[in-house]
Each structure stands twice: as structure tokens, then as C-alpha cells.
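Heads up, the next two complexes both have chain A, just with different partners, chain B and then chain C.
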Partner chain A sequence: MKIIIDRFDGVKKYIQAYILDINEVKGKTLLALLQHIKRTQDISLNFTSACRMAICGACGVRVNGHSYLACDTKMDDLLAEYDYPDTFRISPLANFKVLSDLVVDWEPSIENLRKVKPTITAKDEFSEKNGCTQTQEEVDTIKKQWDCILCGCCASECNKLEADSSDYMQPFVYTHAFRAAYDSRSKDSLKHLKPAINNGLWNCVHCQECADRCPKGISAADDISNLRVLAMKKGLKKGTGPAHAEAFLLDLENTGRLNEIYLALRSEGVLANTTKIDIAYNLMKAGKMNPLHIFGDDKIEGHEDLIKMIKAARAANKE
Partner chain B sequence: MNKESFNRRDFLKSSTIGVGVLAASSSPVSIMAKELKKDSTKNSLPAIDVLVIGSGGAGLRAAVAVRKKYPNLSVVVVNKGMPSRNATCMAEGGINGVIDFENGDSNKLHAYDTVKGSDFLGDQDAIIKFAKKATEAIHELDYAGMPFNRQKDKSVARRFAGGAKYERCNYAADKTGSIMMHTCLDEAITYGVQFLLDHYLLDIATNEGECEGVVLLNIQNGKVLPVLAKSVILATGGYTRVFYNRTSTPFNASGDGIAAALRAGLAFKDPEMLQFHPTGVRNGGALITEAARGLGGKLINNKGERFMSKYSTRLELAPRDIVSRSIETEIRLGNGFSKGMDAYVLLDVTHLGEEKIMNELPQIRHVGLLFEGMDLVKEPIKIRPTAHYSMGGIEIAKFDDMSTHLAGLYAAGETSCASIHGANRLGGNSLADAAVTGKLAGEGAGEYASKKKNFSSGKHAKELAKQWRAKIKDITNSSSNTSEFYDLREEFGQYNWDNMGIFRTGEKLQKHIKILDDIWAKYNNIKIANPNMFYNTALIEYLEFGNLILLARCACLAALNRKESRGAHTREDYPKRDDVNFLKHSLVTLKDDKLHIAYKDVVITEFAVEERKY
Partner chain C sequence: MQEKNFAFFPGCVLSQAAKESKMSLEAIAPILGLKLHEIKGWSCCGASQAQDVDPIATLVANARNIALSEAMNMPMLTTCSTCMLTLTRAKDSLDKGAKNRINEFLAKGNMKYQGSNEITSLLWVLYENLDTLKSKVIKPLSNLNVALFYGCHSIRPEKAYNKKESSTNPKSFEAVVSALGANIVPFEKRLDCCGFHASYPAEKSVKKMSSQIVGNADKNGADCLVTPCPLCQMQLDIYQERYQDAMKSKIRKPIIHLSQLVGLALGLGNKELGLDLNIIDATKLI
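What follows is the complex of A and B.
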């Protein structure tokens, strides 16, 4: 079996192939396999890990282009998933700066987290001396988001980051903003919401890749949607974002499916969109957007229900 | 650029302080910026008021404590990787601290359980203060946004943990540590604590009985960097990786801080006190948390017996040392399954039902699936005791500020030994230790730094840095066989397990001292065949391994000389606790490359020494 690894020695990028007996592969986790290669073949291969039980987030890598937690991925499962290939390609997480081989730079992510001020300011009735009170139901609304281990798998898959990272943050940063903004003990959700808006909240293209690949089953896409809902509720309606939201609803009402290209055109106008052609191109190239969608699409199943839900939501919002 | 002329501006640039952040952010960073301007003339070394090494629960709490109480000081947290990778995030069970005083529990009872759990080797003055502060810590963490599970009355949910008479182990599902660590990390980020990622602590620099700073290795580019600090807090975690192939702790638990402190002349207190957790997965030792037993998990041998009834009336809820020894005894008696390193017994939680397991133990169910391919919902899982926690650590001079015997140097969390845990740590007490001692160390180091006018000259730090540069060059510039290094580390782990593990004898330990000397000699001849200094992880592993060998030698020496059985330390040739001769702490120091052992009395105040029965 051939394991091809994308290498970077600090100066140049190259690929290297390691040949392994299938018995050296079977029964191991992907992390154990990387350790085995380092131990028996190449001490210069660099990757990071700490807990080896899917809780510290250190070992995110890509296999054949998709992100995985190395310690949480059994080679037997990978073999089955890819229909018993004779080669795997292992690369560092995408959308991060690579420091060496499979090791990426987390400094910018910490600074992004800093922007959304991830810690709550507790309400005045609470104190450091006596703590807070909260019901289990209230904890449950933010519980899922607290599972985030900062592994970066979502960011690696994010189409928006891939297309243009200059006006966007890693998906997990919005998840962190969500859990602070929605915490029932929090005095001021705007503290987290505003910086999220100012740093790309409306630029998510809702491709759902982040939710698809998160090893903890977190949907940053949902968290982003919910933060947008909160923004609308709080009357933060200026800018292209909210117009985008209106277009989004219209789309869903028409076909039940989000038409990315139409959406962009409608909410920002043709002129603004000429700058986005390369984004669209990148998405198409990555196989993540179907150019034919510009001609509209069939309605999806359950569309009627969706319309009903949107109507109900609109009615509720007016009250 | 000349290495020595690396100034503070470069230092701050290389930490996570981007230009944009400098411009955008509020008070904390502008103070850093002010610092920046002040400097630059005569002193060429980077200088930080309070430097925290390690970013587990202890380090993060320390850094936040400094920022809250001394907002004018600069604080930088150094970590050998991304800050969120550590042992703290792995803790599952919960964090101790009495918050329900209505039903008979009290701080005093928490203290008593801790003293008794420690097999009376804990220092009672520290433990009594600790128990009180643990209550405070739970409320502080709640206030900082930690999403604890909740009771019906909206207060923090708690459960039983081993060795405790009341439900005082507060929890957030079975991810308490991860959630606590992320709470602390978020708080540090929000409070403007600056991080220096991918920097490895090599050594502590001392000058005339005072800590003048540290020497770091920038892993990203391989540069060795002397850094000045008014005070330094060591929070680098434990050294359980001495049992390399059978431990529940992360790969980075290599005791770097303790080793550096030893080299700086400080004492390593109670190094022989290494805790084994009864339930690790058979393969490699990843943890099945105590919560599984707390919720009613049963231990079963090959005869289908719930064998704990033979050893303790508290059954599976007896303290860890007792349960661990019971399992090993069963295996020795031939009542386990399989043989040798593969031997195991079963832990059964199936009777709890799918819903309860999915709700309260999702993480350990996952661990079972990953390492053994077994689903706890459907079948009992194969377990064996695993090395888990280091009770020993850097000797603390004063619990109130976590200062060491070196002025300006503080220690917190698993790296430190304020003797809260004595010979055996109770479940839930170490997260509390990290939270409590972290904060104390932060406030202590903050106060010291705020009183100190000037930075030292950095003469020793520069000298040490020079030595390290030469050493690293020597290690990485030669060629060697790749597997040699890793084989030796594996061998080291196995020998430690066999000779210095759960059951110890004088004969085995005597032999082991020799073995460790041999391993040390071999180690010093091994080179790392990779001169590329961009993120050279093999070099880091090599340096960590060196520290582990040093610490294992200390542990072995102290274990050989402690001719009694107490807590985690079981001498089969001395099966009884000996209060006449050994109601005292071991102190191991390093002088001229030789180890020395001395003793110090245990502090006994409120609770009379008695036989430990459960």
C-alpha cells in the first residue's frame, strides 16, 4: 500500500511516497499509522497529536482531500470508505498556513477567536462569589457548541474560506460566538454578535461542508444561521447581509433550494458581483457548485413544508 | 539578523500579537505596546513581566488571575503547541468542590476525605485551604461561563467520585476537563492574555538565588531564545509518560517543567507517587472515566464474579489505588482474561441502559469503540489499570502564593507539589488543584512582578542559550537509525511498568536503577538524523524523552528508599504503612549530575493520623 504525503520542509513543498505492507496498515488508527511511518521509515515526518482520543484537536489532517481527526479514524474504515484503494494521499488541513509537513499555524485562529470575545459577561444578578443559575434546558441550547475541540476540520472544508479568506473567519469562530451569544447567563449577546457580523457573518455561502466534516457533529453553518437570526431580531439590518437573507428566503420559497449564483447577484447587484467571478470559478473547480444551477432547479422534496415554515416564522416575527 | 539582537519587538511579533491586533484591541495590548516603547535601548533580550509556561487549566487560570489583579503587567503564556492541547482537556469525571452545604457536606469534610485519600501524606494546612478554595473555584468557573450540567434547582450538578463521602464532584457531561479548559482558554483570550505558540521550555535561568527568566526553543524555526521575566510560573503538567506505553495522559505529559526546575536546583517532592487509574482500555491505556463506576459500573473477572467485594466494602467506589491493586491481584491470581501485557478484566455498564450511557457517558463509549472496537451499550469492555497522575512535583514553599524556593519562580497544577494529594489523589481533585493553584500562582507571581523594579541582566539566560544551541546542533547534525530512538523509549516504558509499576519490591527497584542508568547512557549517544530545524518534532520528542529519563531516575530512587506501602506506592516487601519512619516527604535534588535524596515532615494540623480503611 502506498501512502503519499504532502511535505513542506519550511522552504519547499514536495510529495513523498511511503510503501507499507497492508498488515502494517490494518487495525491501526490513522494517527498510529503516521507514528509508525515516523518510527520505522522517516524521522523527519512532522505532524502533531496529544490525546490520541479525539478530545484535544491536535491531529486534524486531510485524506484524499477531506479532513479527518487522525486519532479518531480507523484505517479499516478508511479503506472501506474509499473502496480498498492501493494509495492514500495525506495532506495538511486546507485554509491554514502550513508550518511543516502536516503541521499548520493556529496563531491567526486565536486572534480570530479574540475578535468575538468568546467569554460571556454574566448578568448582574450573578456574581463571582456565588456563581450563576441556569436550567438544564438552557445549558442544552449551547451544549453542542461546547463540544468544539478546535481541530480545524471545518475550516479545512469551508468553501467560503477557500474562495476568499480576507473577509471571513474559520467556521468554529462563529460557533464560539454563538455559544457566548446564546448563553442564558450572558448579559450582552451583542458583544459577540457584532464582531461576528463585522468579520464575515453574512459571507457564509451555506454549503454545509463544515457540518458535514466536523468530528463532533457540530454545525457551524447552523450557528451562523442562528447568529443571523439574532442579528435580524436585534435590528442589525444594515448592509448587504440582511438583503442577502431576504434573497435567501425568496430562493427557498421559489424552489426550496439555494441558488448560490442568483443569490449573490440579487443581494449585491451585478457590479459588485463581477469581483466574485473567481469565487464562483473556485467553487466550480472544487466541484462544490453546479454552474447549471443558474438556470434554476427542480423543487426539492418537502418544499411545501418549508414554505409553510418560512411563512410561520415570518408571522411570528411580526408579532 | 544576529540571534542575540532579537529584541522585544521581534519577540512580540513572533508571539500572536499581529499588527492589526495591536491597533484594534483595548487596554491589555496597549500596555504591551507601551512596554514595547519603553524598552529597546540597553537591554537586547525580550522581557515580559509574568511568563507562564504551559496552558492547561493551571497555566490559563494563572494568566487570567494576573490580568485581573495586575492589569498593568504584561503576561505571555508559552506553550509547546497550540494552547488547547493538554491533559486538562482530557479530564472526564468532574471537578471537586463543595457547593451544597445543606445536606451535611462541608469544606472540612472535603479536606478530611482528601487527607485520608492521600494516606496521610498530604500536608493538612494546604489541604484545608484547598478545600475552601475549591468551592470558590466552582463558582468562579460558572461565572466565567463554564456550562456545567444543572440540577433541578438550577445549581451545578454533582455526583460521587471515588473516596468521597458526599456528592461534590461537579461535572459537565463526561467532558468536564475539555469544557473547563475551553472556558479558561476563552477567558484568557477575552482578557487579553497573549500566547506564544510552538515554543518549548528548555531551561530556567537563575541569577543569585533568583529566577531571571527562561530559555525557549522556537519550534517553528529552531531558534533558541533567552527570555527575561520578572516572574515565571511553571504549569507544564505531569510526568506520567514515564510509563510510555501504558498511560491515560497525552503525549506531551513529559514533565519538562519539573526537569527544568531540578536542573535549576529545586527539589522534586514525592517523585515516587505515581497514580494508576484502575480502568484504562487494554490497548495503550486510554481512559475509561471513573464516572462509569460512579454511575454503577461493575468489575468482573473470568469467573463472572464482581470481585471488588473481596477487597473493599465500597466495591468499585473505593479509591483508585485500592481498585487498581485489586484488579492487578485478580490478574496475578489467574482470574483475568488473556496473559502478560495483554491481560485484562471486564468493566460492565450495560445494565445502565442505552439512554443513560448515551447521555452521561458518550465520550467513554467512543473510546471503547475506537481502541477496542467494543460498544459499551452492548457488551462489557476490556480494561487494565493505567498510569494516570503525578502526585509528585516541584516542591512548593508556600501554598498561599504557590512560590517555590527560588525567588520569582512559581509552579501550579500537576507540575507542582503543594502536597494536596499526598500518596494518592482523589478523583475530581486535580482539576480543582489546577483551578485553585493556578489562580494562586497567578496572583503570587503578579505581586512579585509588580514589586520588582528591573529585569535581570540575562547573563545566565544567554549563557544557557549558548549551551543549548551547541547541544541541539550536535544532536541533529549526525546520523542515526530512525527506530533506535523510538525502540529505546518503548523499552523504557515497559521497564518502568514492570519494575516501578503498581507492585514494587526492593530487589526490582535496585535492578531498575541500573537499567535506567544504562538507558540514560544509551540515550546520550543517540542522535536525531534530521538537521532541518523547521518544526523538528523528532527533536522535541528527543528532548522530552531526556526529561522523562531524569524524572524516572528520581522516582526510582525515592521508591527504593521508601520502605513502606502508602497510597499509590506499594512495596510488596514492606506491605504496611510505616508512620514511624516514613510519615514524611521524599525530596530529590540534582547536583553535579548526581541525584540526592532527603526527607521532610508531613504537616499535620487538624486530622489525627489513623489507619486508612474503606
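What follows is the complex of A and C.
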């Protein structure tokens, strides 16, 4: 079996192929395979690892373009996943600067973590004498996010980061912002929420890669969504993202269905939409946008009941 | 295939910017023995946006949507991947504990969610009935080179779909299109995101993402891109010229719906499949 590894010596990028007997591959973890290659074929191969038990997050790498925590991934599972191929390609995590072979630079990500201030300041009601307690329900809200081991697998596959990292942070950073902002012991959720908003919270493209790649089953996409819910609750609604999301809810409430014309106008405003007249013209020409919708749509059958249901849910939620 | 009845959930996009998706679906369905009964009074699913403002309202709306389909005693079918994901997640949430609470609210409209029916997509129905599909092909698409673009919400997150198929190595789309006889080209971007859901707040990134997908399909010799998701189709078709111009690319590719591709193999014409409604000319594919 051929294992192709992306190499980088600090100056030049190249690929290197290692030929192994299938019995050298089967029965190992991905990390054990890398260690085997280093031990038996190439001492110069660099990668990071530490705990070997999926709690330190040091050994995230990519296989065939998807990220995995090496110590927690069985080669037998990868063989089955990719239909028993004769070649695997192992690469460093994407969306990170590569330092050497499979070793990546974590410093920019740690800087982003600092931005969302992931440690909480306890509410004044807590004291050294009385402690700082939570109900089980409050613990449950954030306990999954405490499992994040900063392996970078979510960030590696993030489609938004790949397109442009200048206005977005690594998905796990939002997870840590969520964990702190939703912690019932925290004195000030805005301390974590505001920097998340200011650093791209509304720019997530909903690709759900982060949810699938996390070896701990955490969905940063859901954490992002929940941070947005909190932002809306706190009245932090400035920007196209909140306006766009709110436009969907307004249409649901007004008629039950989406109105493309209102959606565009509510999301960006009239002025910005004048730059997209060509798109609207093409749609109208193809009969795919009805200009008369500017006067509104008919309500769906049962709309009145839908509104009653929503009102009841909101009232109960406030209790 | 024995005639199968479905409670059809079109989703907002099929009645407007992707109306050709609905046209083509309704054209192929009778040939394949799929009987679609549009759910009366269905509402917007929230499109993974309204949830970020008011999750309880959108859960109630989707519980109502599913309850409407349950009253029809049929599985629920949608062609929109985002509707599929949203409805599936709502069902999961209801089945895992929210049912009784949400039913208190549905009772205001004399409705009740039971948890009795399945939610499925056109892609999966075709995948589960490949033999029927093959038997109905009268015009194999062997001269057509297609790049298959899944769209995120067709496959991710795996957990939401109970790991029905792998999101790193999915096979349903390839199997369905192979059954149509089309030539599937290699396509590195096939599992990527088109960026649709952030096209307003992150327009610059989304332009790049969409443009790279079209460019990658072209590089691999595709005559067109095909997708099971009408939102991806809309994103890559309607905005293509604008985004390609922004990226200084002259590449233009037809983006067609899975239902349109199936229709071509079933021998249907451009008009019946709404191919003349696509923004990038898709009428000369075969």
C-alpha cells in the first residue's frame, strides 16, 4: 500500500511516497502508522502527538482531504471508509500555516481564542464561602463544549476559512465563546459574545464541516447558531447577517412563506439592492421572480393557526 | 417501482427562483411511479436562518409541517437539501424529547405531531430505487460529462441523517447519475460549500467559493454541473456571471437540477424540464 505524505522542509513543499505492506497498515491507529513510518522508513518525518488517547488534540491531520485526530482513528476504519484503496494521502491540517511536514502553527488560533475571553468572571452572588454552583441543566447546556481539545479538525475543513480567514475565526473559537457566554455562572455574557460578533459570527457559511469533523462530536455550527440567538436576544442586531436571518422569520410570520423581493430588501436595504438589478432582471425575465410580490403574497392555508402556535410557544418560553 | 405516494414539501425556493426544479420533478415523477401530493398549507422551514433568531418558533413551524404530512399518511419528500436538513433536525428534536411540549403549542391549531412518518429526499428515493430508474432510461446520457455537486445539506452533518451515508465518501449521487448513463468527471470540489447561506453577510468569500466550484468543474472537462440541491443550483446559476466576472473568469457552465438530468435521460424535452428557465443556457446539453 502506498502512503503519500505532504512534506515541507521550511522552504520547499513536496510529496513523499512510502510503500508499506497492508499488514503494516491494518490494526494500527493513524498515529501508530505515522510512528511506524518514522521508525522504520524516515526519521525525518515530522508530526505532533502527545497523549495518544484523544484528550490533548495534538495529532490532527488530514487523510484524503478530510481531517482526523490521528490517535483516535483506526486505519481499518479508514480503509473501509474509502473502499479499501491502494493509496492514502496524508496532509497537514488545512487553513493553518504549515511549519514542517504535518506540523502546523497554532499561534494565530490561540490569539483568536484570547479575543473571545474564554474564561468567565463569576457573578457577584457567588462567594468563596457559598461557592459557585450550577444546576444539572445549566451544566448540561455547556458540558459538551468543554470536551473541545483544540485539535483543529473543525478549522481544517471550514469552507469559510478556506475562502477568507481575514473576517472569520476558527470554528472552535466560537465553541469556546459559546461555552463561556452560556455559562450560567458568568457575570457578563457580552464579554464573550461581542468579540465573536465582531470577528465574523455572522459569516459562517453553514457548510456543517465542523460538525462532521469534530472527533468529540461537538458542532461548532450549532454553537455559532446559538451565539446568534443570544445576540438577537440581547438586541445586537447590527449588520446584514442579523437582518437576513430576521427577514426569514418575518416572512414566516407575515404569510408563512418566503418572499424573495422582501428578503433582498430587508437583508441589504434598497440602496445596496440597486447594484443587483441585473440579477433581479434575469430572474424576472425567466419568470422566476414575480415583481407583483412587492405588494405582498397570499397567506398560507392555516396561517392564523400557525401564528397562534408560535405565540403560545413564545409565551411559554418566556415563563 | 410500485407506485409510491409522498407528502410533497416543495420549500419556498421551488415556487420562485427555482421553479424549474419543481417543473422537472413533476415531469419525472409519474414516469418513475412517484405520486406527489403537495402538503396543503406548508410553511417556510426557516432555511437555517430563522432558527438563529427564534428557534422555538421555527421548531413549532416545522413540527406543524411534519404533522401536516403525517395527517396524509405518507412519507414526506422534499428536493431542497436545506429543507431536508431542517425538517429532519426538527423531527429528531421532537422524537428525542420535545414532542410533548411542542404538541401543547400545536394544539392551538388542533394539530398533533405523532412521529409516525419518514422524511426523505428525491436523491435518496432514486438511490433506493436504482433498478426502476435504470429501466426507465430511454436516452442514456453517455455523451454528457457531468460534475456532481452534492451541496452541504445533502450529506452533512452525518449525525443529523443517522449516518445514512458517509459525508467524506458519499455514493448516492454517483450511483443515481451512473444509472442515467452520464459520464461523471473527477471533481475535487464535489463536497464543498457554494456559500449560499452567507451570500449576504460574506459576499466576498462566497463569490470566491462559488467561482472555484465552477472553475474546477470546467478544469475537469465537465459540460455542466448537476446538483440535488435547488439552493446550490440557484447560487451557482443565477449569480454565476456576476461571480465569474468578479473573479476575472470567462468560464460559464450550465448548472442543472438532479430532476432535470433525470428528465433528460427519461427522454423529456427542454421545455418540460424547464431547462429554458436556467440562467446559464442549459438547453443545448444534449
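Just so we're on the same page, the second predicted complex is superposed on the first by the 243 of 319 C-alpha atoms of A that agree within 3 Å, B and C clash if a C-alpha of one lies under 4 Å from a C-alpha of the other, contacts with A are read in each partner's own complex, and residues count from 1 in each chain.
We adopt the following convention: contacts are C-beta pairs under 8 Å (C-beta built on N, C-alpha and C of every residue); 3 or more make two chains touch, one makes a residue touch a chain.
Note that the structure is a prediction, hence the values are computed from the model and not measured.
Visitor: With the two structures laid over each other on chain A, which partner does A:A70 touch: chain B (first), chain C (second), both, or neither?
Guide: neither
Visitor: Which partner does A:F47 contact after superposing on A: first (chain B), second (chain C), both, neither?
Guide: In the superposed model, A:F47 contacts chain B only, not chain C.
Visitor: Based on the superposed arrangement, let me know which partner A:C204 touches: chain B (first), chain C (second), both, or neither?
Guide: Touch status of A:C204: second partner only.
Visitor: Which partner does A:A180 reach: the first (chain B), the second (chain C), both, or neither?
Guide: A:A180 sits against chain B, while chain C stays out of touch.
Visitor: I'd like to know which partner A:A122 touches here: chain B for first, chain C for second, both or neither.
Guide: After superposing on A, A:A122 lies in contact with chain B but is clear of chain C.
Visitor: Figure out whether A:I90 sits in contact with chain B (first) or chain C (second), or with both, or with neither.
Guide: neither
Visitor: Would you sort A:D9 into first (chain B), second (chain C), both or neither based on which partner it touches?
Guide: First partner only.
Visitor: Please write out, lowest number first, the residues of chain A touched by both chain B and chain C across the two complexes.
Guide: none
Visitor: So in the complex, which bits of chain C are touching chain A?
Guide: On the chain C side, the touching residues are 12-13, 15-20, 40-44, 46-61, 64, 101-102, 104-106, 108-111, 152-153, 156-159, 166-169, 188, 192-193, 195-198, 200-202, 204-206, 208-209, 238-239, 242, 277-279.
Visitor: Can you tell me which positions in chain A touch chain B when the two form their complex?
Guide: 9-11, 29, 38-44, 46-58, 71-72, 74, 99-101, 103, 106-108, 110-111, 113-114, 117-120, 122, 126-136, 138-139, 142-143, 146-150, 176, 179-180, 183, 185-186
Visitor: Which of the residues in chain B end up touching chain A in this complex?
Guide: Touching chain A from chain B are residues 16, 18, 20-21, 25, 81-86, 89-90, 99, 136, 138-140, 142-145, 147-150, 154-157, 172-173, 175, 178-179, 182-183, 186-187, 189-191, 195, 197-198, 220-221, 250-252, 284, 286-287, 363, 366-367, 370-371, 482-483, 485-486, 528-530, 532-538.
Visitor: Using the touch definition from the top, list the residues of chain A that touch chain C in their complex.
Guide: For this pair, the touching residues of chain A are 64-66, 81-83, 159-160, 162-164, 167-168, 200, 202-209, 211-212, 217, 219, 221, 225, 228-229, 232, 239-249, 251-253, 256-258, 260, 267-268, 278-279, 282-283, 286-290, 300-303, 305-306, 308-314, 316-317.
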